[in-house]
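Across the two complexes that follow, subunit A remains constant while its partner is subunit B and subsequently subunit C.
Coming up: the complex of A and B.
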């Protein structure tokens, strides 16, 4: 086992840990009779094996400079199900996310995208976005020279995490502690050998204790790591739930080979239909908790009618249909005769909903006060939770991970302690403002479109139409959506 | 709603695009008198924007001069109801289960669909009987309604038709007579209830009332109309055909409408009082020997 050639002050246990050394340290410690279990030492302990945590581990293990760090992953769920994720081509998990080309480029770079089942990934080249109250539209279609270019890739979260796990297994060297909950995180203590008083020590439900030079919180919106670090998180709940479902469509879509994503802004929140391979689509419908609960009580036939209605009928009709306990299919058939819509600018008819795929999640906006603390870094939803209307949550997490992996690499190659705040500062500086900006823009969009009447309504339709008519502005929005544009800030 | 952005607009300069984008909603109908599109329903006459404006102004002026030109009042109603107000009324119907049923069934109120003999046979306190009595007292028939011509959307055209055909039920429910003074009071009620501009515009007829009538409007019927029109349920959502045998007081209570003081009674009493005053004056004049 190679010890990285760094010569740091040993008082703070400066040199990086390798498994051999810890064993040695532990042996030494055993000779001192202590009543408590001594922690195992790691360079990086990552809590959370979601998309963000797994990407970070794949990135660290695949970069030569960071490949020798001693790394542990703690995840409360068993990861076998994720690792062996497999479904027939006619079934899709209901948790899907759109990955921007820059997220995919990063995943390719860390060697994980190759392990993602490409038959289950669907790219789309066009977006149709419109206002459900005024009908104003914005069409996102590339100019001739860029036609056919991918805006984003729809993918099941499980297909991604499964690919990431396969890549991590292939690289080896990560101690995976799955099926174990974090029970406590506290600072270590000073012993005669070394000073762990600034090191977070993570106690697991299985009884293990891990001391981390750098503790990474990739543990989702209710991050225990963030709570340990005393980092505040501000924001608000939208009083909205996101209803998701896997849908079977009447055909592969109007675009033939090139697929289209649809989003309609309703007064209760946006409803989006995103393409999956073949005749399938995934739904994200943000609506009030009461209406979300109502949707989940409907029979498949009436649920399908509600989804078709959501892209076709007026908000008045939808409001009424939300009060019906059944009979939505009949209501849709009648109202469709009296409502004008251009078939080819809305999704094809939904004809089926996958059993057990209807679920809902509360939507909130949260932003941690900072992403770093002494020996702590937060990534992904632990750092920020965003409204899903722009499909950016998971992508922001990928951006964080790429930046943090680079920051760690820089620290290692420049002989710094990867856990100290000063080493982590570039990560916070690079990501905080950018994420804050995106959170703000998406939040304002949500609020703008949650208004049903009043002076804002005609103004926002002028806004959408104006954007639609202005080539350069539209280009800018599309580049942002695809993550290929100039970064704002 | 159709968007007519010409492809060339995308390529031309920035401010022009903005202007184009902002004005689209105004010229949503692109045709001239020479290439009028086919009708959307039997009897439909598609109008250009200019024609519609002309129709509104012309019919308003003439119907003000002659409030008995029902055809023009109808035209005024249609010309000013589109595009916004008739949609509001249709949406009010779509928001109510009964309103939706009416839109589905599309019932029509004519002397064929409602038998006068049947209505007259109902007990005196029922909606149907009050309606029949009102028609008899005012000497009008449900068939005197114009059919809708100028509203483009086929469903909205029905809403306008329905509104028109229900008008006499509003009369019956409130007891307001067809004379200009009663009509103005009812229009004020309808305006507050439906927000259809024509009903508001018709109130300019207030200027044609005699001073005593105008005073009554501002002290009695105007305030009544606003209070009731705003406070009541949307009267367009009453399925009259199903309410015929219902107690009329019951229905008024459910809708939140109080019956105003009887206008014909007031006028009768007023006339009697005037006559009595005049006679008294004459008598006293006689006795004083003044000529």
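Coming up: the complex of A and C.
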């Protein structure tokens, strides 16, 4: 039999979609000349080659039971840049995420972590979290055996996706259709031989049509797959932007080898400084769109001053500096003389900002009504978008992917059609409530701290003198940071 | 898991408690069966029309067959455990014969497994079989691997040799609809390869009564003098198995009890065959 150029090796065809069917369909293509191009059949079509989509494919290809599925990846961007991602050790991409130990364990299990450049990964062992209005700190009383252990790993998203792609290339067998946008998704039709009326058919900008036994939406917050499936997504915009930048620090940090993550809750939103290898850190500053825009207009020198101020000065001082069109560096120098702070509980001074690394992203909360439909599953940001204050977005996606890969594996080994809702139910059951709880808690954290004055502030400072009494919140940080789950109630 | 002593105790109680009932039931059935031997079918026509009515909702995951859908994966776990118990477990290229396939829940799933060479699935209800066939068209991968036949087991051509026999003959949620089990077992035997398995289950909570009142009682009651008060001595596990299986050329009986726990689904519970649903498997002598 002649294998169509677009499809894979014979081994590949050993999946659910038998070679006979492929042949059959191609024969049909000739005989039903009236119909438009017949789709090629796939077991899994994954739309979106971000962290979630690539992890899913690496997981499916690395598990023996699912390794024979016929899989295609559709990604609108070209993936060569990701695959060949390389930067000197003094430069870092501005999109970084903290990976929890459980995400890393999963990535190790699928054989991808080994392909992630470890010299560009930075673990941290300590967290400093405090309230910018009252100064109250969350004291993390890690149990003795946990002290000094890795809380999370900071890593550039590109270093992760590059490692995942290398792993997928190494495993082979995924048909990568990059640089091609999804133009349309519609249900298939009934022919003489088959009834594909429940199969989504994905039309690509390149002209290809792929019929999917299971269509996975790993296509980010504006998921076209979710829209096709008619799955609603609810939530709100925070009216906040996340300003990111790669920063050079005065040194490797107060802890030397042992690194510290910092987060200060300002009335406008939390500002976080997360360690990267060497003298570098990555910034995530959630603030109002206007202030974010203002930060982006500043000279490097003044931007650096604003970041240093964000961890040191009072919210009132900071607000004033936001009204200045420039001169923040001088302002900070002057104000610092009149402000006391415990050097070792705040990040070291920022001394440089990587050119072109300052960017901002609108922040929102979204949760799909369900993660599954007939022959559809959503993972990652397509299913949920979370405020970045707890560094959980990408990790939630890894949790989804691990669960979906297990669900698919179970379905395959028990002869179920992996696309039908019945087979996908365990995935939805396992992830939906857990993610929903996390979204809710992080949302409440944001709101709790985003109030500058009024009755809630004194409450925040005493009762919550804070936050130490807020057992659940602290527990949340500790559990989430350690990836031990959503044990927050 | 071998036959549980608990179920045997049940059997014992049942036989002691209602010996006449058991006997009468079988005599009646036996007579019916023998009278209509020429056109005999193991199938009860009332049951067939009952399943016709169910046909439309067979594949509705939230319909009346939901429990069956949920149970289906356990059937495969059970078959795997049967195979794993063999001195040399079989590899791939397995041939399945699914009797009373209904809408094809098990037949489709068995055909999808990479270790399956082919599945022949039969059901006496044309309506149900039409549903099964239409549904199988939704999955191109089933083509060539799954064959549906509108017949009962009696209508199937006799295999001419081991090549035409089956590695697994399945009877899921079927046994309670069979009028004369011992003969039925004998009929099935012709279709099973030496060393192959019959696997069965029931969701109707009548497995115990089927095993006890039908298969065993038929044999045991036939050989044990009426009114004997020596049941206890006579019916022990060893002898039971020895008789009704060995005489008919079967060995290695296995039971797995499962319970449906709302919110959790079907779970395997050791010893639950006392109260719940069962899988039962026996292997044909090699």
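Here is the rule we use: the second predicted complex is superposed on the first by the 439 of 489 C-alpha atoms of A that agree within 3 Å, B and C clash if a C-alpha of one lies under 4 Å from a C-alpha of the other, contacts with A are read in each partner's own complex, and residues count from 1 in each chain.
Following the convention adopted for this analysis, a contact is a pair of C-beta atoms (placed from the backbone, for glycine too) under 8 Å apart; a residue touches a chain by one contact, two chains touch by 3 or more.
Remember, it's a predicted structure, so these values are computed and weren't measured experimentally.
Touch criterion not met for A:272: it reaches neither subunit B nor subunit C. When both complexes are overlaid on chain A, the residue A:316 reaches subunit B alone and has no touch with subunit C.
When both complexes are overlaid on chain A, the residue A:135 reaches subunit B alone and has no touch with subunit C.
Contact comparison for subunit A: of subunit B and subunit C, C touches the greater number of residues. Look at A:422: by the touch rule set out above, it reaches subunit C but stays clear of subunit B.
Of the two partner chains placed by the overlay, only subunit C lies in contact with A:414; subunit B stays clear of it.
By the touch criterion stated above, A:196 is placed in contact with subunit C alone, subunit B being left untouched. In the overlay built on the shared chain, the residue A:41 is in contact with subunit C alone; subunit B does not reach it. When the two complexes are laid over each other on chain A, subunit A has no residue in contact with both subunit B and subunit C. Residues 61, 69, 72-73, 76-77, 108-114, 116, 134, 137-141, 143-145 of subunit C touch subunit A in their complex. Interface residues of subunit A, counted against subunit C in their complex, comprise 14-18, 20-21, 24-25, 41, 68, 190, 193-199, 213, 410, 412-417, 420-422.
On the side of subunit B, the complex with subunit A involves touching residues 1, 3, 5, 9-11, 14, 17-18, 20-22, 24-25, 91, 94-95, 97, 100, 103-104, 154-155.
Contact residues on subunit A toward subunit B in their complex (touch as defined above): 134-137, 314, 316-317, 319-320, 334, 338, 340, 461-462, 465-466, 468-471.
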